[in-house]
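Lettered A, B, C and D in written order, each chain numbered from 1.
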């Protein structure tokens, strides 16, 4: 539904996006990367707000920069917090619906405000809203035209944990309903919850792309060191070696094992402990949380 | 001798400070200097320097022209006599730069005040030993000093130039008296321009609107007063409301000259300037009483 | 909801949004105050007695008219009209571009020229009452005949229409549009136009002054154009400025 | 001079704006070290900081900072306090070195001293090579460092940092937190930093002050507040030939009478119960029986988040 082909964007001498290509279909795709990696620039080009220096961007097969109609099928929640400050939330969203030429703009606005849990009766202008409330106004606005392609730039910043959870659930529902969602974030926990597809962008280049779990498994193929807390480390270590689940062990304060097959180790560790009747109180891969994956991808260049 | 005995860590850069802190005056001085640099575009890109430098040069033109003419053709007693009849008095010279002065007020005060409000420097300043009062004092020092560059400096240049050309005040006593008058009157007029333009600039947080506001207060009131006195034939006292001409009149009266509007009593002119100072200070206090918190 | 939205609706929606954004109490109060001053000055000039014994009634009539025309053109057409138009027109799209809200107008199935026209109409709607009312009041209080009132009204409307279009374009062209506009008003309109009737043809003030001059028969050195020319040229300029603004909006890189 | 026992102490501080109670009778004793001021946006963190700086007078109550009264001895106090505001907008075209030097001067450094200290501070925050660059050309991460540099340049006794990690990505956030910790430890500068992210406060702070809607939820030493072990966090992976195994683990643990926090479809769960040993055994057995793959089992410390949940319910 979205295709990006050999796209480069330069501002003077600064290259913000460098020769990036990917296609995105229905469902959620998370665009992950450090600040300044080019996520927002990429989104702006997708929406036609900026034109690529080289390469081609297509949304639903068309160019949003020149094609008036396709703009009606995109929903964008931009990164900046600016809104038409003097309007109330319901006015702001209703006007967005009107701009999309919807038949019942107010009803549509009430619907999406309900989804993001903003009161339609609140007469306060959005200019007085907190960051979290503005964020939800932006989301409602992006959703109001029931777009086929949703582009959400850092949509979860400023939301409290409960709201985040709700939004993630909403995104999952929209993705399941066949919409194409592109969501950028640099908070990895959020991305993990968003699920499957991930594009990692670093320094303007596409550093990794694919299924999130597959990417993690790719990480699993590296040799790993895992710290294991057990009651009887010596006996447990012996059992692990005996079953070929580990390549090496070191017994310091804790038991640390090395393995090149995380999968086998992960399958075996609990059953072995149970079988031996050894209490297992901790399994902690060293350097294998989400953040290390991210670091690995971002910092290797 | 042990290995450690040879090794010393001498300096890790950042360290404690044991000296005397410079206190509020240091803060005011640094802020005033910093504000002045920022208005003049020092330490910034060249394009920020163009406008202020241009205006200052334009303000200097009358003084340069007169001094130049005097230096070129002067010397001869006969010609000097003619020249003395043509060149302006020390009290009247600044009037030649009036357009530049008015333009400069629209440039300086908005830059000095509004930038701080917009880019968060004001709240940062208030987290330091500066208070709203001392902050404003620093800004007045800066804006007043900058205004002096177009109000006072040309006259000083004129004094030294004319002295050099043999057309200056005669005798050291006279000369020193003129110098003191130039300094006193120029400083006072600069402060009035500074306060009025700062007050006008303080009404908004947007620089462009601040310039608009200053220009309207300066040139708008000038135009209105002009039409009222000449078109509507109202009393000459309406001139007292004119914030561009009143400081100029004050300079003339300090020199004991008649000025542009001899019909106006001297004490009224001083009062008019005092009135502008009071009104402007009140406005500034009111606009900044909560700002930046 | 497929396809693009009809242009009349786009104009109407843009107009509504931008009117709400433009109308702030601070701006209205400040600009009404200036308008009030203009009307007051008109009143003060209008009640000047001119009872010097050597003047005939015809002389007095002529002096009144001359003074009145000077007041209207100096205060109204050099300060009030262009500045009010600048404040609202430059802000209409210029502010949305600077604060990042332009995206909410841009990324919609709406034609760009209609957005520009909506913005222009919004700016005019706010500017007209703030200029025409004080200008007409001033002309009325100047008490120099109906020709002056009619001329002032026409010239104010033409001025607002043309300045607004120019400043909508300016707002899309440069970042600090108010400062540039102010520079244009003070330096170009104020100084260049004062060089005489030829130079005045490249400044809007030449046209507004001509309208008043033509109506009242008072000669103004920068206002020498025929009535039709003085009305038509600004309107054509406005149309051209709007067309450029639409083209500019199309090619803009939106933040 | 004797060092005051508390860096900041407040008693009965309330702040009322119109009919909005931004702070509600707050009483605090903040000891030396790094203190995290946590709470959601709008919970009163920035208001509290401005009261500590003496920029606002509390509606009721009194505050003492470094043994001084912020209202009456404000200028004296602020000469010894560094402040990094939340706002991220600074003079765009000013070089970082000029900016830091200027603020060092304003905070009382003599002119010659200010230049070297500005340079030292910028090196310390890792911007030595970049110190002549204009602030406007810097990234969010670099600007946050500049804010830190200007806050420490005048050798303060106390530094207040409002959301110093806002807008940073994980790598930048870590670096910033480590830097703050290091500055506090190496130069014995007391730090109070505000954050809406509980994790980062847990990571580097000695003390915590937690606010919720202007009310004090908790204060004290971090290890005392979050020390209790009452469960584990488990992260699993599904093996293709045993679908639904993660949900099955959760179900088994629930059946064993444990409190399981798990959203269906997610790979992570929190398991809470009375005894750590019982939990460990139950988790081991549940995983072994349902055939999921173990990625991680970690002792779950009581989180700051729980403090908020407890306070709200």
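Everything below uses one rule, namely that a residue touches a chain if its C-beta (ideal position, glycine included) is under 8 Å from a C-beta of that chain, and two chains touch if they have at least 3 such contacts.
Nothing here was measured: the structure is a model prediction, and the numbers come from that model.
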For this session: Show which chains lie in contact with chain C and also with chain D.
Result: A, B
Seminar exercise, completed: With centres defined as CA means, the chain nearest the overall centre is D
For this session: Report, in whole Å, the distance between the mean C-alpha point of chain B and the mean C-alpha point of chain D.
Result: 46
Seminar exercise, completed: Cα centroid separation, chain A vs chain C, in Å, comes to 50
For this session: Report the inter-chain centroid distance for chain A and chain D in whole angstrom, where each centroid is the mean of the CA atoms.
Result: 24
Seminar exercise, completed: CA centroids of chain B and chain C: separation to the nearest Å works out as 33
Problem set entry | Arrangement of touching chains [line / ring / star / complete / other] | ring
Problem set entry | Touching chain combinations (by label order) | A-C, A-D, B-C, B-D
Seminar exercise, completed: In the complex, the residues of chain C that touch chain A are 1-6, 9-10, 13, 16-17, 20-21, 24, 99-101, 103-111, 253-255
Seminar exercise, completed: Interface with chain A, chain D side, in the complex: residues 40-42, 139-141, 167-172, 232, 237, 239, 266, 276-277, 280-281, 283-285, 287-288, 291, 293-299, 305
For this session: Within their complex, state which residues of chain A touch chain C.
Result: 44, 47-51, 64, 68-69, 71-72, 74, 76, 78, 80, 82-87, 95-96, 98-103, 141, 145-146
For this session: Write out the stretch or stretches of chain A touching chain D in their complex.
Result: 33-36, 130-132, 158, 160-161, 186-188, 193, 213, 263, 266-267, 269-271, 273-275, 279-285, 288-289, 291, 294-295, 298-299
Seminar exercise, completed: Given the complex, residues on chain D that touch chain B span 50, 53, 55-56, 74-76, 78-79, 81, 83, 85, 87, 89-95, 98, 102-103, 105-111, 113, 117, 120-121, 123-124, 150, 152, 154-155, 187
